[in-house]
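Shared between the two complexes below is subunit A, which pairs with subunit B and subunit C, respectively.
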Partner chain A sequence: MSNRFYRNKWLPLWLASPQLVVLFFFFYLPVFLAFFWSFHLERPFGGGSQFVGWQNFERVLSDPEFWTSLWRTLTYMVVASSTSIICALVLALAADRGIRMSPLARNVLIWPKAVAAASIGVIFLFIFNPFMGILAPLNEMFPGFWNPRINPVHTWIMIYIANIWSAIPFTFIILLTGLQSIPDTLHKAAAIDGAGPWRRLFDIQLPLLTPQLFIVVVLEIADSLSGSFALIDTMSQGGPGGATNLLVYKIYVDGFKAYDLSGAATQTAMLMIVVAAVTAFQYLVVEKRVKYER
Partner chain B sequence: MSAQSHAAGIHLTDLQKTYNKTPVIPGLTAELAAGEFTVILGPSGCGKSTLLNMIAGLEKVSGGKIMIGSREVQNIAPKDRGLAMVFQNYALYPHMSVADNIGYALKVAGVPKDERTSRIQTAANVVNLGDYLDRRPSELSGGQRQRVAIARAIVREPQVLLFDEPLSNLDAKLRHDMRMELSSLHRRIGATSVFVTHDQVEAMTLADRILILNHGRIQQFDTPHNIYHKPANTFVAGFIGSPPMNLIEAQASNGAVSVGGVRLAATEISGDVTVGIRPEHIKVTESGIPVHVAYREDLGSHSTMVVEMENGQTLRLATQLGEPIRGGEWVHITIPEDKLHFFNAATGDALRSN
Partner chain C sequence: MIEDTRSINTTATLLLMAGCAFVLAPLVFVVITATQSYGDFLRNNFSLTPGSHLVENFRQVWEMTLLPRQTFNSFVIAFASAFGRCFLAFTTAYAVVFFAPRYSIFIYAAVLASIMLPLDLMVIPAYQVAANVAMPINAVANLGGGWETLFGAPLDLQLNLLNTYAGAAIPLMAQGTGTLIMVQYFKTLPVDLAKAATLDGASPLRFMVDILLPLSKGPLLSLFIYLFIGGWVAYMWPLVSISSPDMQTAVVGLTALDTGMGEDEIPNFPLQMAGAIMVTVIPLVLIALTQRLIVRGLILSEK
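== the complex of A and B ==
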């Protein structure tokens, strides 16, 4: 921060303090506590903690349920972020092309952004209810055709659809903005150069959209690791039979239902390390292929 | 690269363009000869870019016919029309190298890599960019970028080259250099060229023929010499020349045309008439029409003045340097009769041009 602009040394800090206070209490302090607790044995109802070294980690890492849940989480990360980004990209391309009704679609598509993930979960749970939802008539014709309460594949389909629906608005707007910042004359030049719409998509639009694609991938991946909680909690509670028990939900159950605070904190620390590693990989490796030139 | 044999003429027949029921080009017929350099000139909003885009196939035609060579093209895709285009903002692909930019059309067309490389090199050499093939557009200056755009256009050896105000983003000196380069480039490759601009200097210097457009209608389509010396109407007369031609509302009677009682010339016509006289043809003389110098600008090579006659009529005039005249002075001017242009006062069409 240049002191030439701010004569007073403390003024910049003073101006930034509201943000810093919020960040400290809601981000740095919890992160610190998670790591602190992961090296201590915590009493569930408070009252002191006992340093236990790596024992919590040994316990968590030797639990097969942790590894299953971590693997499930990584699968969810890949599938959830790619499906939601691809859907948003298709919609953004359609809106950018100026297809009929696209001004209306552009407006309507932003609405889900205003709905909390938990509400989305409840709504989709109702929509996909095997007895009352949209697929209920099929269940009457073919009994057992659709039941997300007992069939894990159906449960996942339901969760992915809810996730795509909730992720589209933000991703769509970012991608549409990126597409619209590509000058119209580039399309014209490419059209005269002989490139049809598909060729232009791969040669012109997607390469020039990489800055926006990169940022939505980073955000969607981070969101899929932690933001899936509300959907799981409202739609499946980790079921059926633990099939949708993602790490973020397992942490909640272990900590607040089973009162294993240390185990939950240790898994939280592990999850944070995974998020940090994935994000670092994206910035260090993937970003090299982003084309920022304009 | 000799594209002389490729050059194809362009025939526009009753070409129309309508946006939301508003006619932009109500119906335009023109014949652009093979190998000719045509400049479409007009004020902004006159439809000149629309016309170019319709020839290119970037805008749908509302009616009429476009022939390139012997082919009717108004309903076929831009890429199949055998033309290339240079855009005002260069429209280079920012994520591709100069070589890839130039060669993109060849790549799309499936030209083998070896042939592609040599044709890219040839085109880049034509515009003196042979050493810049690995650069990105963002590493080039405005003039170099425009040359890349020109190389990209000529690499396909098109029958027709279209230019959409390609020099307006360049500074004055660069514009002058690029004008010379474009002119010699056209002589070398010989493709039929259509060049859209609002800059009359570009039009006068580059064109074999200038097509002057206003409100989507052709005002005059002629050589630069004739456009300047024989303007077809008051629009052309007032649009070409800097400062533009003086257009004076005058009255003709008893064999003479006069303005506010001052006799200008002998004439056979009678009634209201618009008289045109170019500023550089008005001479400051010892005796003649007395005028008051209202405003004077010294431009080094010449100076321009706005003068006011006793009856209130103002005139623009340009003099060679060396006239020791100051603003506010009274001087005498002579308007040579043989330099006058006469236009119909109601329609603006030329009556008799000397």
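== the complex of A and C ==
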């Protein structure tokens, strides 16, 4: 930080103040309010709040639906981020070979970035429609072969495919950039020493890719959480039978459809703690094992 | 290449072809379906034969639905939020990198903390704030009944941002990724830049506008495009903060597109897919035209 040239005392505060004001209103204040309402109840007929201690937490924590929803959310975070990262990693490894297909693939694989998760939800809902969509002929031959409106497994398959589709660009580009910055000489030296392609993959490429893999895992886990809302709201609305009712969606329904402000705020506060804990764990524990030097 | 790797290269080619097909297939289905008429579609179900109704479908979307108006809303909200985020990122990063006072570390930490929790996780309290932005002023003034003893009644200011462009765009700006990127960029600039400007008699603000801003054109532009697309595809916040269909964004509008069919009828999928094209075409063209910038933006945000 040797750029710190100017000695003005208050000018930096003025320069940063617009961002600080925006952050105060739409980041710090909402975080505070989530915790505030988790310890308060709204008085009936409007008219302020009433301190109720841990009562909201007791209510939420004794609701089995909260626990299944939290468990589902954690499972979704793990499965959604790992499936999309593995797909993007395989594609990045292939594109890194510098074959004739690579430039075209680099171009095409960024396109999903332009399609909103909600739009791809609408599109996949049509493509996977059991009666009108691409699998309709199979459904006619084997009735009940595919029905995401009734069978939760089918619904999840549909959501995971949509998630992979929209998560590919970001992960692919970052991993490909990481792979291409691995010096070619390392490959050559290892090949001369008799290391085959598989050996080089596990002993050179993947270890040297850990910084990129780390950042991709952190971002994908956070992204899978907030991205899931658009997919679920457009494709399944938490159904069938509540099978895809992730915590983000449940909070939305509790707050905006059932008008349970304190309940929704309590769950928001707990979701924030979970996400902050996951991120902190990644930075404090996992990042230590990441090799940054080349 | 290093060794004879024909079989590996064949596998890699096949994998990339499969990847491209996976990405392109839904888009192709959308375009083909959008060319069919509702009648064709009911007769043939899902088919890959293009029809001749593309123009007709677009005309219908243009005249009968709110999507054109909502596309305009999307443009305003995405532009405002991306521009705002670039502006905030630029000034804050300048304050953090170029000034000596140590408290700027705390400013930076306060900004970075916002990256951890996206807006989508806290729509409920954020909605409350947007419903009355004057709320914290009221709360402070009424602390311990202060305002009431002075003026006879508790202070009750109201400023509702719901259903406005500002209410949709400003909360999207409360995210520190842009600042992080600009700080990383400023740190790569030569140390003597500010010194030279001062010797030439430029004030810190003048240095910022006349030297730093032109130098940052590239990174700011890729950041802008990246954030513009991010604002365009945002779903959850527009959905909750905007209730009037006239003010809604196109992405949300598409999910609620009224295709003129009743509840029990089969939806007019060709019309819906024409709508999907309309919602997607602007960011898609933007990505196609600015490939390099986007990629650079994505890579910057990784650091």
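Criterion: the second predicted complex is superposed on the first by the 283 of 294 C-alpha atoms of A that agree within 3 Å, B and C clash if a C-alpha of one lies under 4 Å from a C-alpha of the other, contacts with A are read in each partner's own complex, and residues count from 1 in each chain.
Keep this in mind: a contact is a pair of C-beta atoms (placed from the backbone, for glycine too) under 8 Å apart; a residue touches a chain by one contact, two chains touch by 3 or more.
Small disclaimer: the values here were computed from a predicted structure and weren't measured.
When the shared chain is aligned, no partner comes close enough to touch A:Pro64: not subunit B, not subunit C.
Within the superposed three-chain model, A:Pro207 lies in touch with subunit B and out of touch with subunit C [touch as defined at top]. Look at A:Val115: by the touch rule set out above, it reaches subunit C but stays clear of subunit B. Looking at the shared chain after the overlay, A:Leu33 reaches subunit C, while subunit B stays out of its contact range. Residue contacts after overlaying the shared chain place A:Ala191 against subunit B and subunit C alike. Of the two partner chains placed around the shared chain by superposition, neither subunit B nor subunit C is touched by A:Gly53. In the overlay built on the shared chain, the residue A:Leu15 is in contact with subunit C alone; subunit B does not reach it.
Of the two partner chains placed by the overlay, neither subunit B nor subunit C lies in contact with A:Gly144. Put subunit B and subunit C next to each other and count what each touches on subunit A; the higher total goes to C. When the two complexes are superposed on chain A, the residues of subunit A that touch both subunit B and subunit C are 188, 191.
For subunit A in complex with subunit C, the touching residues are 1-9, 11-13, 15-16, 18-20, 22-23, 25-34, 37, 87, 90-91, 93-95, 97, 99-102, 104-105, 107-124, 126-127, 131-134, 136, 165, 168-170, 173-174, 177, 187-188, 191, 197, 212, 215, 222, 225-226, 229-230, 233-234, 248, 251-252, 255-256, 261, 264-265, 268, 271-272, 275-276, 279. By the touch rule above, subunit A contacts subunit B in their complex via residues 183, 185-186, 188-195, 199, 203-204, 207-208, 291, 293-294.
In the complex of the two chains, the subunit B residues touching subunit A come out as 56-58, 77-79, 83-85, 87-89, 91-95, 104-105, 108-109, 136-138, 152. Listed in rising order, the residues of subunit C touching subunit A in the complex are 2-3, 5, 8-9, 11-13, 15-17, 19-20, 22-24, 26-27, 29-30, 33, 41, 45-46, 84, 87-89, 91-92, 94-101, 103-104, 107, 110-111, 113-114, 116-130, 133, 136, 170-171, 173-176, 179, 186-187, 189, 191, 194-195, 198, 204-205, 229, 232-236, 239-240, 251-252, 254-255, 266, 269, 272-273, 276, 279-280, 283-284, 286-288, 291, 294-295, 298-299, 302.
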